[in-house]
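Next come two complexes, and both contain subunit A; in the first it sits with subunit B, in the second with subunit C.
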Partner chain A sequence: MQPLDQTVLATAPPAPRRSPLAEGALSRWRAPLSILALLVLPFLLPSQALAVNVLIYGLYAVGYNLLYGYTGLLSFGHAAFFGTGAYVTGIAIGTFGLHPLAAIGLAVAAAGVLALAIGAVSIRSRGIYFAMVTLALAQLVYYAALQASGWTGGENGLRGFTVARIGLGPVAFDILNPLTKYFVVLAFVGAAMAMMSRILASPFGSVIEAIRENETRARACGFDVERTKLLAFVLSGLFCGLAGALFAIHLSIVPLDSLAYNTSGMAVVMTLVGGAGTFFGPFVGALAVLVLEDALSLWTPHWQLALGTVFILFVLFLPRGLWGTALARLATMRGRP
Partner chain B sequence: MDWGSLDLELIAMQLFSGVALGAVFVMLALGLSIIFGMLGIVNFAHGNVFMVGAYAGVFVMERTGSFWAALLLGPLLVGALGLLVERFLIRPLAGRPPDDALLLTFGLGYVLVEGVRILFGSDGLPFATPEELSGVVDLGVGFFPIFRIFVIGVVALVLVALWVGLERTKVGLIVRAGARDPEILRVLGVDIERLWLWVFGLGIALAALGGVLAAPMRSVNPEMGNVVLGEAFAVTVIGGMGSLLGSVVAGLLAGIVVSMTALLAPEMASIAMFAFMALVLLVRPQGLFGKPGLGA
Partner chain C sequence: MTGPVLQVENLGCRFGAFTALEGISATLGRERITAVIGPNGAGKSTFFNLLSGALKPTSGSLHLGGRDLARVPQARFAHLGIARSYQITTVFPRLTAHENVRTALQARANRYDFWSRRDRLAGLSDRADALLESVGLVGRRSRPAAALAHGEQRALEIAIALAADPKLLLLDEPTAGMGPEETKDMVALLHRLSDARAILLVEHKMKMILGLSERILVLHHGRLIADGTPTDIQADREVRRVYLGQSGGYGHA
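Presenting the complex of A and B:
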């Protein structure tokens, strides 16, 4: 029990994992630069379906990163929001015949409401306790979806809501074309990235980082730590819900797995491999993990053995992740501390 | 026989099943709590260790044909693996934030699942109840499977052994002191690293023992660990992190809640434990036996 208390009270907090370039030019232009990088991505990858997956999982990890990387809360239950976004989209289109855009809006709202409920229960527990509580609550959502098979299709997943065109009025895009689909998804992801950049640059963004660095001090400075954490949790859930909604439209099927423990774990893996607490890191992590899967699953069904091993090596030797380490190198080269 | 006595019999049966189920939860939660209490880390591979324990049991049973050998050697083999993990993966993380060890064990979970898939295949394996423990016995209110009584007995034995070991021996005294203040213990000349090594191994062996005991009661497959992890966490959160008494009480309670829900509303059985946890969290964020300030 001692080590926990020490991390709260010790004068030297755990080594921060954010980029030292936080105030630089790269940071000011981070949203446009990220979108620019994602614009060329489909032409560099072997398949456009893979590129769409990078976008969707990248956005999922970006939402997760707001909570883990910036607020310092290690959640293991974010599949609940991703999966809810996906299921609500599928049900809204398939069962109620809603317009895809309205379905996406509804899905994001539903994920936000669920995040409010799960956050309200879990936010009072700290540190590793928080990870366990969020995991268990996500299992609750998983089993609820499994039982409500009339709505969700149970173990077979949700089917029958294929979206061929997306848009408003005369401006509609044919998303059966893989490249068009990529850019339609990128429009959503780009808007979300711009929003995320605004959130991080706001006073709220500074407060969550203050909480991550030293919760006790942030509290002493007069910030309402609980409400700030809850807000970060809900915002994070909204982004993950959007990622889930796009996932449903991309696949035209929602597997039960989208709510499972492994999907929660994927957010953790991608964020950490890319670089927790960096703006573009989650996309780098999603790209790295999905390319690894794509390459290895040609050779062996056991590619997750490599994934686990790589992840362990990252925790041991490269805890800042690929992008975080690259940013730190860049800063050293420029002669900044 | 009237309906009243039949119901009573059914309820007694379910209660008993709940205690047997809960006994396995107790093994899991105890291992988690012991490791957390000493090393201050949460083992996210705990569910998968349970799964590996079940497979180790299958492996030993195939080689020796004896359930008793499986019961003894399975946990020992997996516990030895735990010693290696502590020495070469956990120990290098000393001085890093506690999240790092958590993340590492989470990655280890992938390795364990795929390792088992490679060695034993992706399909589930049958694990028959050993012949000498199959059958039922009449306890007055109903017929109970002997194996479940055996499971409860083994867990009770382990609990007594742990209690004697912790409260009545010199090593136990050192372990308890180490959980309170490792620095003072180091100053007094105790090799705390070695202590952590063996406590980690013990926690892992307990989870593996739970796996061997549960194998005849639930299906053995590589994915069972992820399901079990959620259950183990729910029990630990209900009982209060780091509290051994809490692990025991919460494990039994959770088992009874699950099996009683299975009787009254079968479709809610898998949800019951987690809903119970959410309820406990709302009323007592630190868990039933947890100290405030530790987690909440």
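Presenting the complex of A and C:
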């Protein structure tokens, strides 16, 4: 038993230090405050397209964070859910002519079903083995999409499903306007954040944290650890699937890369840079990484090298991430009389 | 005290060629406090792991109140009324003491509830406080478990185990690493707790065991070599031989 648990601990994320103060107003109003912050974001960034990307990748990292930051499972295959969400959206609209909202719903469901399958296979392995199994299964999905080029467009990606307006009946928004598009995407992301906040504050939310903290104890308490992990895995997949669906609608193209391992890595990097196990951290991470990518790619085609260096520095010197560290500082400051 | 009785029959556990435990038979749960003793490597931890479902026996059987536990997964043991603590403190380190116990309480009712607000669940929070009170930790409720003193963490682990409302509480060295003061508190706590449930404990502090237990089981090389009252055990030749031969006296066992 013991060696296995140590493996889990070795990959468990550095959770934010808990203090009653940090769990005060900032925590109680985390969903509305996050949405508020995201409402002003497009006016602070150089381009609205970048802002939309922050929303989408932020949501993707939020979904990933449920599994990694809160349940303590290091998956390295979440691109499978992001990419599936994107492809199903594109195919549903382009090939089957579905309403965009129905396509998004279908995409989320498909990502959930895939998460159920991948989770069922991977959840019993731990630590690095779990990461490897999820990576291998996600690669399987990647190659399946590459082979099924009749459906997916193969290497060229999926095209031909541009969505110009989104909405129901008379209430429809022209998403060719970048700012309108931003707020439409934010409506989805905001709803997802509210739901995530609710899940994290629910009894289930404390069960997954208990599993992250001490699996042996959680099991001895009478929790079905495997089933709880699987549920967390599926929930995480649903959120990532929604992010993928929004990504497809945003770009009007689904690149094969959306299923690739570097997209899986993106979720890990963004979550860690922002702060694993914090509510808003994944957005901060997405913002930091995307802005850095934007700036660096102007200078050098080897921007990924620089990004990798930044990531390593974070893991070594700022393990709580940007947001996690900020929250901890705030807590100590307020803790002082 | 009449609770469901744990019937152990010819229980054994092998790891490959190594036999950790063999042919253990006993009826547990009738006495308030039963101690399991034995030299290191006697099979005490394996015995506890079998009784708490963490390991499955390779031979023999376990029945709780007539129910066969052979196919019952570990997580169900808590629901059936068997809860345990570990030799190495096993709590949720970054959750507060209160959250530790409240989470444990959820195992009975709110395992897969995604929608309620956990801090508003009627009764859950109060019951957690009551359990903290019963182990003397209510003043520490808002501290992370990792920030508690060693003895407090041991007590917290017992509060977590109590959340399952066990009829049989298995404690693996509850006073491990404790000084005399903390040990005294723990002994008082065990006395109180045994009013409402049977306690089975592994311990090394012989004086404490002799004063506390109604019954003692002695394991040696994976076998049950003695089972009786403290007086019986002190008089038992085989037990004396094992302990004297090993380390020269009860005190160091």
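Rule of thumb we're sticking to: the second predicted complex is superposed on the first by the 313 of 337 C-alpha atoms of A that agree within 3 Å, B and C clash if a C-alpha of one lies under 4 Å from a C-alpha of the other, contacts with A are read in each partner's own complex, and residues count from 1 in each chain.
The rule is short, and it goes like this: a residue touches a chain if its C-beta (ideal position, glycine included) is under 8 Å from a C-beta of that chain, and two chains touch if they have at least 3 such contacts.
Remember, predicted model here, so these are calculated numbers, not experimental data.
*Asks:* Which partner chains sit in contact with A:L36 here, subunit B, subunit C, both or neither? Use first/second/both/neither.
*Replies:* neither
*Asks:* Between subunit B and subunit C, whom does A:F223 touch in the aligned arrangement: first, second, both, or neither?
*Replies:* second
*Asks:* Comparing subunit B against subunit C, which has contacts with more of the residues in subunit A?
*Replies:* Partner with more touched residues of subunit A: B.
*Asks:* Have a look at where A:L146 lands relative to subunit B and subunit C in the superposition and call it first, second, both or neither.
*Replies:* first
*Asks:* Using the superposition on chain A described above, determine whether A:A131 touches subunit B (first), subunit C (second), both, or neither.
*Replies:* After superposition on chain A, A:A131 lies in contact with subunit B alone.
*Asks:* Could you say whether A:L176 touches subunit B, subunit C, both of them, or neither, answering first, second, both or neither?
*Replies:* A:L176 contacts neither subunit B nor subunit C.
*Asks:* Could you tell me if A:Q304 is touching subunit B, subunit C, both of them or neither one (first, second, both, neither)?
*Replies:* Touch status of A:Q304: first partner only.
*Asks:* Per the contact definition in the header, classify A:L101: touching subunit B only (first), subunit C only (second), both, or neither.
*Replies:* neither
*Asks:* Look at A:I312 in the shared chain and tell me whether it touches subunit B only, subunit C only, both, or neither; answer first, second, both or neither.
*Replies:* Only subunit B is touched by A:I312; subunit C is not.
*Asks:* From the superposed pair, tell me which subunit A residues show up as contacts to subunit B and also as contacts to subunit C.
*Replies:* Touching subunit B and subunit C on subunit A: residues 1, 15.
*Asks:* Flag every residue of subunit B that touches subunit A in the complex, lowest number first.
*Replies:* Against subunit A, the touching part of subunit B is residues 36-37, 39-42, 44, 89, 92-93, 96-100, 102-104, 106-111, 113-115, 117-118, 122, 179-183, 226, 229-230, 233-234, 236-237, 241-242, 267-268, 270-271, 274-275, 277-278, 281-282, 285, 294-296.
*Asks:* Spell out the residues on subunit A that touch subunit B in their complex, using ranges where they run on.
*Replies:* Residue list for subunit A touching subunit B: 1-4, 7, 14-15, 74, 76, 121-122, 124-129, 131-133, 135-137, 139-140, 143-144, 146-147, 260-262, 265, 268-269, 272, 301-302, 304-305, 307-309, 311-312, 315-316, 319.
*Asks:* Considering only the defined contacts, which subunit A positions touch subunit C in the complex?
*Replies:* Checking each residue of subunit A against subunit C gives 1, 15, 17-18, 20, 198-199, 201-207, 209-210, 213-214, 216-225, 228, 231, 235.
*Asks:* What residues of subunit C sit close enough to touch subunit A in their complex?
*Replies:* Against subunit A, the touching part of subunit C is residues 52, 54, 73-79, 83-84, 86, 90-96, 99, 102-104, 106-108, 110-119, 121, 142, 144, 157, 160-161, 163-164.
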